[in-house]
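Chain lettering (A, B, C, D and E) follows the sequence in which the chains are written, and residue indices restart at 1 in each chain.
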């Protein structure tokens, strides 16, 4: 996420400059044809364009709503992971009674960090419908780095899991799911050995269910994109609208200069105004699009690397560990 | 669901080509009458058409909202099934203590796959109000296949249930409900035999309640369509609007050519523009309609076959089985 | 609910024909006065009418949203009843251990059907603000029958309750509440007698709480109408709008015929167009209104008779009863 | 709440007559100046007024949405209280085993009525931002009476609490909170004495938590008004709009009469039309405003006196008491 | 929050006066150029401005929706803290059985106040994206004081924690989290010592989980701003719109005076009207912006200092303490 005050206009223009080139060409063509070739019949009525504009506003608004909802739900899910991690943490720390209490607690805590790790690596994998292969995003991604794309999963997991468990997990399809299954197995063994009462086991298992719940919700957002038919019709309509706007404005700008010193030249104002208008609608759509996949590794992602680190700090602080890792900070305002 | 980048414009045009034929006829009639028969009074004012357009925008927007919500809720429900399946799975695996532990666990796991199977077969049955009999969808359905329509339920269930249970279940009205009731019965018998404590039984029964909850929610979406009176009035209004648009634009396009080289011919531009405008509104409605029934077997369904398979893989992976079935992949971008 | 493909245009026109008569009169008056009496000043500007139209669109949209939400929530509540009934059913069936197990289970199951019956009878009672006394609905109601209005509660309850319990319940104010209280009492007595453990009692009591929860939610929708001040201002504004539209269109239609063969007669087109426009807005409101009270016995109700029957079938199927009652089917497409 | 069919137009006009006076003055001034003083330049363009109208529509719509949501949530909260009261009631009645069972149950039930009483008295206190001091509401409030404003809390509590508990509670800040704390204390004492098992105590305490939850939610709506900055900007914009409308319509109405028998007089139509339009927007705002505080004692409140009485009836009916109080009925259609 | 009737127009004008200066300059420039320099071609058509206005309305509406939702959710979260605090309070008070019962209860209660304190101090820290450094808010903040900015955390905590615990907590990263972890630890020790049963411990631990849940939700709103890309594009579009409006209105106001006594001067009306219109849109945005961060210390914050105090009063009243602190009252209508 962007953790600063705002994106500057300059950043926006740079980010969308390829769109601007395209919009410019679309605005120049009818203006030139109108002025130099006398194709004045190109100045279609504004009426159908306005009607189309209404429909486009509706559909872009609809998409932005859905997009914002997906981003916000993604953040809520990770918020849920934070909350359950804290209560699961204190429960394990305070309830467990075994000979090797300290060691057992640490194994469970570190396995939890392993789960957080596997989950964030899975969520930051690529999907066909995501936007990180767009030129604008490849370019902007140079301003920050995405830990899940630069590090290797097994290296990070090795910090948290025993060699044996690591080897086991690496053979599994859904690693996060099976790490949590290991957690369940360990806790049950401890309960059988008397380290937890039956009732305490029930509470801890409810914690594991809550982790699975949040994992599944995050995977839902990851694996079920904004429906492609909704998305495609929005693009088609936007492109149609953007194509027609410069034609619809021709007449107004032609008349504008009548009787003034720019008579005969005012038609050229059609170009900047058409660009401006179409850029606004186009950029609204780009903004919406850039939040529909909140785990794709873009600058507008939910900062799951940072949240996972925060969890690690909080939970190790519960154990009064002293060598806490530092919190992650934004890089060029981007916090991942 | 469509698991690719987008539907192409070509796919959209093919998909809606019967609508385009209809819209073309509606646009040609008034234009011809106006031009050749001199019925210039057909060029009704845009004012009532615009007002109707507002109302149509509202009602299509409303329907698309509801449609998207139904699709998204359907996906959430199946997400819920995933989440509870995982926690139910680890509980059964880790809690059960019986002589034939491995066998008992496997029976419960496989009966769960049977439940997933019966549920998805039930959800993919036909309903009167669904759209899979529309020509556009019959045609498009040739791009992919729907397992629940090509396979027979009893054949698939036979992979998961004992012959005795299979025979019993096939006599029942709501098979998914009664498979889950078998699950409850088995777990209770195990508990009575001491394989689960009373408290563990309570947790497992809460799992069964959660499965029933998600099954019931999916059946609600299946059996309670987008209300027919809302749907019908939307169609009526859209058709009215689509009929009037070509009349409302006549005047503007007639005037367009005045004093230019296409004078007297610009009226023909009415046809493409009317088609374009009405196509946009009509297609928005078609897009919305195609998500109101998210279990009908269309290309925009929730991919319940795929999700059920994923569950089977995850749960068999928990048991460290080695002959895991492959994950389902999209066929011509469509994942079922 | 309507369980078919759609309401036909003809059904809509018949259903709203009294409105059409009224709208026709409202459209004829200004047109006649304009044409025959020369009251051309009646052709008020479209500007204030359009502004009012915006406000009317907003308020009808708002009401339809609320109406749809009430209908959908009502269906969700009954969906909730289905889900809890199933898990309550298997719990009772599988947990109970008593000498007369089979009989005790059956008493509890049948008392549950009694609760479903009392609840649906209560929900289908009349309320002052409901619409079943409107001529349009009285007429349409001849297409189907509403079990709760043709049968007597005591007769149906007699199938499910012992004579003693029936007599007791008939003396009570809120019969559904007190039937469920009997259920609680019976289950507690069984627990005291050792047929359920304390923990199982807790689960069953949670089931009873869930039934009360859903009952209370349904009663909330039944007893708290769409707020009358919101509803009344919507009617007032709609009527105002419908009254003004024919005046606002006069001028446009008068000019329409100029220089054509219908010069001097085009004013008469004002009548069909005004009717058409006002009918659309009026019918949108009627559609919305007809879902605000989803338990009133209208063709657009939640099908609670059918759902209650489905529950009975499912639960008796759990007991392997053989004389299951048939599922309810739609009558002229209407499922109650 | 209004429990009838609708508010009549007459009631609305009476209710808003002071606004109508104000709107009339605002409409008369520009019309007179235009006509008699020749200030024709007062007829400002409709363009900025229409733009402002869009913004006003948005903000009033936004406020009405929030207002409806607050009212509906308030009703849901009280619905929640009903539902938990019923299940809490049957639990206490059926679980308790003590020597003085009947008496203990009654004390708990009646203390619950005391809590309902204290809560509704607290919720019907005045707040600075509420509207019951508006002339329109003072006037309308003569049609019904609000029990919490005519009775004294201590008198009503005396019917439900022992003298000792009453004296104790009257010294407390938040009386409802402390009555429920007494409930908790009593139930714990009974549990310690063996009248409830530990598990039953847990269920009952969950009930108490649910009551606190609903109480807190109701207090949230009571104590956190629709945010004053949102509310204030809405008023400012509405007033601006209402001021400008009569100026914006001047030109249209002046031209209306040209060439007709009312030439030169049609300007006077500006007054009724401006009043009509501004009244519609103003009244929409008044309607929204009158639901933002659903516990203020207005005719559009949630009927908490009635709901509390219903609870008392239902719970006393559970105890088979015979002298049940009557249900509250609407007074001039208003149910409190 | 503002706890009075409303913000006055004067307050709004003062609050936004810097915007008004800016808007005035933007309106004066084109008017002067048009009138004195004859740059009549500056009077661009209203058509693109109106279209832009639609998009701006949409995006400001969207932002205000999100902003209101964040504020309201923030209040709900603190409402949740109130509700759980009360039920946690009575549980601790009524369940605990130890030798030093009174002292133990008090330690737990006061540690809870410490948690409330640490939480509100954390929430009122500064974030880069918050608005308390805007001149308008710095100025307005002189009307009230924010306890968390004038007091020191350690001083306040010292009232509630033992010296030892205080010293421990001050070394921790997330102090609220670790205070609650102390609470968990204490309660577990009491349970081990027999002061709580296992089942009671489970209920208390559920309380702690609920506190963590609410803390995490509040931190989510604090640390995840309204997404910067949505926010930035809204600002850019608003500024563009505000820039163009005075150009778009030029023509209308120039024509306004034709033939009247202000002929040739009516162009100057462009300035007040452009300011008025742009001010309305700009202020709507400012109002929305001022609620997006409901814990920033602004006049429109959720009153968390006040709520925390209310909790302290309620809980100390449960212990029948007599020296209760006073409730916080608004300062110049602002309640923090």
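Note that a contact is a pair of C-beta atoms (placed from the backbone, for glycine too) under 8 Å apart; a residue touches a chain by one contact, two chains touch by 3 or more.
Since we're looking at a predicted model, the values are computed, not measured.
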Next item on the list: Please work out the Cα centroid separation of subunit A and subunit D, and write it as a whole number of Å.
Entry: 40
Check: Measuring from the mean C-alpha position of subunit A to the mean C-alpha position of subunit B, what distance in angstrom results?
Finding: 25
Check: Where does subunit D touch two or more other chains at once, residue-wise?
Finding: 54, 199, 202
Margin query: Is the chain-to-chain touch network here best called a line, a ring, a star, complete, or other?
Written below: ring
Checklist line | Sequence of chains encountered when the ring is traversed from subunit C in the direction of subunit D | finding: C, D, E, A, B
Next item on the list: Please name which positions on subunit C make contact with subunit D in the complex.
Entry: 38-41, 43-45, 47-48, 51-52, 54-55, 58-59, 62, 66, 128-129, 172-174, 177-178, 180-181, 184-185, 188, 198-199, 201-202, 205-206, 208-209, 212-213, 215-217, 219-220, 224, 227-233, 235-237, 240
Check: Tell me, which parts of subunit A touch subunit E in their complex?
Finding: 1-9, 12, 46, 50, 53-54, 57, 61, 64-65, 68, 71, 75-76, 79-80, 82-84, 86-87, 89-91, 93-95, 197, 199-200, 202-203, 249, 252-253, 256-257, 259-262, 266, 269, 273, 276-277, 280-281, 283-284, 287, 290-291, 300, 302, 313-314, 317-318, 324, 327
